[in-house]
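Following this message is one structure expressed as structure tokens.
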Amino acid sequence: MGRQILVDSHALYYYAFTVNKLPIGVLGASGYAGRELCALVNRHPSMRLAFATANEQQGTTTRLGGRDVTFVAADQAPLGEAAVVFSALPHGHSRAWVETARTAGARVIDLSHDLRPGNGCEGIPYGLTELARDRVRSADTVSNPGCYPTSVLLGLAPAVAAGIIAKGSTIHVTSASGVTGAGNSPKRELLFAEVAEDFRAYGIGNTHRHLAEMRATLATWGADADLTFTPHLLPIARGILSTMIVELSEPLANPSSIWRDAYANEPFLEYTDAPPALRDVVHRNVARVHVVPMAGTRKPTLLILSAIDNLLKGAAGQAIQNANVMLGLDERDGLPS
Amino acid sequence: MGRQILVDSHALYYYAFTVNKLPIGVLGASGYAGRELCALVNRHPSMRLAFATANEQQGTTTRLGGRDVTFVAADQAPLGEAAVVFSALPHGHSRAWVETARTAGARVIDLSHDLRPGNGCEGIPYGLTELARDRVRSADTVSNPGCYPTSVLLGLAPAVAAGIIAKGSTIHVTSASGVTGAGNSPKRELLFAEVAEDFRAYGIGNTHRHLAEMRATLATWGADADLTFTPHLLPIARGILSTMIVELSEPLANPSSIWRDAYANEPFLEYTDAPPALRDVVHRNVARVHVVPMAGTRKPTLLILSAIDNLLKGAAGQAIQNANVMLGLDERDGLPS
Amino acid sequence: MGRQILVDSHALYYYAFTVNKLPIGVLGASGYAGRELCALVNRHPSMRLAFATANEQQGTTTRLGGRDVTFVAADQAPLGEAAVVFSALPHGHSRAWVETARTAGARVIDLSHDLRPGNGCEGIPYGLTELARDRVRSADTVSNPGCYPTSVLLGLAPAVAAGIIAKGSTIHVTSASGVTGAGNSPKRELLFAEVAEDFRAYGIGNTHRHLAEMRATLATWGADADLTFTPHLLPIARGILSTMIVELSEPLANPSSIWRDAYANEPFLEYTDAPPALRDVVHRNVARVHVVPMAGTRKPTLLILSAIDNLLKGAAGQAIQNANVMLGLDERDGLPS
Amino acid sequence: MGRQILVDSHALYYYAFTVNKLPIGVLGASGYAGRELCALVNRHPSMRLAFATANEQQGTTTRLGGRDVTFVAADQAPLGEAAVVFSALPHGHSRAWVETARTAGARVIDLSHDLRPGNGCEGIPYGLTELARDRVRSADTVSNPGCYPTSVLLGLAPAVAAGIIAKGSTIHVTSASGVTGAGNSPKRELLFAEVAEDFRAYGIGNTHRHLAEMRATLATWGADADLTFTPHLLPIARGILSTMIVELSEPLANPSSIWRDAYANEPFLEYTDAPPALRDVVHRNVARVHVVPMAGTRKPTLLILSAIDNLLKGAAGQAIQNANVMLGLDERDGLPS
């Protein structure tokens, strides 16, 4: 609990912006997830941005979350001064910096693929916040889930927990993501004139990196189900929709109740009566899920639709949510719902 | 064969635009498919637009295919003068006009759902052109396939013909379509500000009208496989991508050869080495298909990707292709490839 | 000043959400501006939504600003209970409801065209907040500026105040707006497939309704300059960019200093070193302005670029800003910057 | 005139695709304009693509205009075998290749800025086709106009010819272009996630390279008028709209008749009764123009709106049109109208 203080009621709203803020660092702050992290920290009632690194853009100032942020080189960042350091560094480059920050005394949330399940880092909590609060709370290092796995696993978790998936069956996942998921490095195939009015699959044939992360997590949950995963690139900036087809062990009269119950007390998990649209979740730290049985099929089959903002619930938002848990703050602090 | 004529070589290119053109009528010409039909007829080397009907917009003149088209009321159209009448009228309203046009002596190609498989019209050829040339050639009435079924069935046909699909398995189809597939009636949910930056599923739970059309056609092909179908709405104007997951009866070393062989002599079916993108097929009367085995699955599983322009190969283009066959023209005439 | 209270510091952030909130009403809440108003009120630290009316959609519940809002019929709204009523009713329908709300005892901010300059309502303050704080503070009724006039007038005001515009010259304004500016009534020309990949002028030849509002305001400022105004429709959801060309009475060595000085203490007016982009202002209640002399012209000519979010600074945001002033709150409360 | 030949009428349509085709070369074929050139040549009734160069992408095969095109290195292209060589090389790199191609014996159409008015190349015809047919017909080298100048100059030409512009006045041009105008080099600011939902001015303050080209051309036409030019970047793939404000020497009762008369016999210049929309001109080699007097201004003022496809009439299409003239073909051959 906080201490007792006497304040002018007019000043209440701005109070949080002036005292007692926790210093936060962001490594790899110039990418889309890194910028989103800086913006969220700058608007957070109990955090302040201690540093934001971006080697190529060091010295550049950008307005993020209503404040100017000047990027510094990573090797000049005062890692040890931060209560929490987020690493949004590229896959393969993050692990070493996580260790450096840990050595300097900071707790670390890594948004890269480096420490995720399937990578030989099983001791590190996998921060699907709603499913890992206790482990996250006491962790020094948390691996923040990938964007596709977040949309898929939050949608599947109630089905796995309820034991309704047919044993030995295959879960088929088709996902579509906005282009911010591909980062902001200049590549010809990501130019506006190439992406606009287009749609295509990529990472096909079960070759996408996120598949291992999802399979390893399903295995830890004890799910006896195979998985296919086919991602697509959408001509939009942000958002992921995962369309999942699950074979049930038996027909269910009212499958939605399983999700309603599972999400009942979760501020960031929403079960809706209609198929979720990306416009309902972008710029919000939520997952929206809807389920419906497939009509007229030989085997009982369930459609699960799950929508998130890839940069918020699928990256920076969930990272802040994890940080809130680690730091003993209200889990909802600073997160748009 | 044509007659022998003596011409100046300079005049050759324009010759087709001046003589021997076949009169063509379009019912329901103000919708997206109807406009596309008018444009294709106006650019066709052997067709001319005899009339184009649009009751609500009668008297309106629009430039389509490089020529001005003035819509007339349907009951004032000289149906009997047309060699072929296309009906792009709304579902439910088309069947009666098809009969009226037939009575007036025209051959008819119906783009609506009214005469398609599963609707009790089994005597009428289903004009997936590549698979129905002989029946289309001699038909007085042809039912033009729906846009989703065209993308799905052209992609599945080689698998069915080759007998590689596991008996009793389920084919899972996830499709995404541009908004022209939803027509141009003013609806709030189709406004730019509602569709842009959005993506969502609709017609979920195996409830979309096109499912029956696909199931009935697969049944006529003798395919012993169940089907699920989940369409999505894309924030683009045109194009459909169908992502299909098929369980194989046994692993295949080189599945792509089945599609390469099946499409080898087809001018409008393209097997490609990479996943098809909508930008590769829009404004073209083609289907582009790519297949790849799913890696690391317990059961042998194949991914089939199929892309078309919903207004061309999925509607007006295929309708012209069918008309070319009916009229004894070169099947490629007037169709952008 | 607020009263002195003793609180737990943990509770500070949520304090504003539980006590002392001012009841606010929104008439015409189902349009884009109305929805934005509801969302801003729901997130405002000192306001709560007392009612939101939408006759056609009465009974419908929508999530706006993190809370569910159920629309009621206008004639069932408890107008008198609101500290401030916003009217986002259509032009022509708003004036009567403004009077009804005033009679019921509410202070009113009208977002329609009905009470704006040039409409014979000169006694009512025109709420370009930064230029009208004193009049707004004590007003019972405020006319909230139109979106185009806001972008234009905030950009021009420093030039008029500094007296640098050549007397008798003509200011040429070319503006481009996202489609939310056209409302969410279903019209064919606003369908996604019609607007995407398009750009066009409309209301051309100085015929747009907002011209009179701008001319009347410039006249009250004593500006001796003529005006042309040409709006365009952008294939984006929100944002307005106004490109203004002004003839100067004499060349200026450093024109930007005029804007820098004028905006120095304004939280919502930003002078930037580069041309403003819509992406820098959408979802923010700011105007971003940049000026640059035209090189190599015979007469000294200045280019003024001004960007706003048409739904925030151009409508609902500025309305909240005015309400903050009227209610004695901090002008920045509840407004994203 | 062509020679007399005896042919089967069925074969007429395809005749042009098999005999008597003129060999055409494209330098710099991998950019947007270069690809469009290759596609137009491949569909042209009297041209065939002899070679297409792209040093960085040499060996790559792309489908353009219904045929596969394999890029070769520029120094391996058989320049001397081409009847016409198009250079779509970058500004600054093109001039030397134009000379090389000329030395090899080819006639050349240069799409770069290098040989345009204002660059000290006054002997070379400036290929605004409709205004330069005689000079183009006999030229060995033609400088193809820039995209913005094409939209601006074709719109202004009738006003200049009619002498209606006030002497000593300033023409104010505000233009907006799709992103293909910026080329397909990978740059961060052209990524989809940066351009979508954005709009901004660039090259401001009369600093854009195309201004000199427009000024020099207006000067050769004897126009005594100054010019300002402010381009903008649109979140669309292709199309340019130029919004031009002209002070008239006296009010005109019926200004549109000037444009109607000037465009009367031009297949690619269209005067329309409504403001032109980009969707009316993209994928077509036309300029659409509309004019309207500004109402209620002190000085008689005319608004001129001009729309083109930047890659067709603004680049590759006009280049083909010029080549048709140079080669004695019908000027309309192979060009979509």
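The first chain written gets the first letter, and so on, giving A, B, C and D; residue counts start at 1 in each chain.
Here, contacts are C-beta pairs under 8 Å (C-beta built on N, C-alpha and C of every residue); 3 or more make two chains touch, one makes a residue touch a chain.
Every value quoted in this text rests on a predicted model; they were computed, and no experiment measured them.
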item	value
Neighbouring chains common to subunit B and subunit C, by label	A, D
Comparison of C-D and A-D (more C-beta pairs in contact)	C-D
Whole-Å separation of chain centres (CA-atom averages), subunit B against subunit D	35
Centroid spacing, where centroids are CA-atom means, of subunit A and subunit D in whole angstrom	47
Centre-of-Cα separation between subunit D and subunit C, whole angstrom	40
Per-residue multi-chain contacts in subunit D, two or more chains	194, 196-197, 235-238
Residue numbers on subunit A that touch subunit D, as the complex places them	32, 178-180, 184-188, 190-197, 235-238
Residue numbers on subunit D that touch subunit C, as the complex places them	168, 170, 172, 174, 176, 194, 196-202, 204-207, 226, 228, 230, 232, 234-239, 241, 243, 245, 275-279, 282, 292-299, 301, 303, 305, 307
Footprint of subunit D on subunit B - complex, ascending	1-13, 15-16, 20, 45-46, 63, 66, 196-197, 280, 283, 330, 333, 336-337
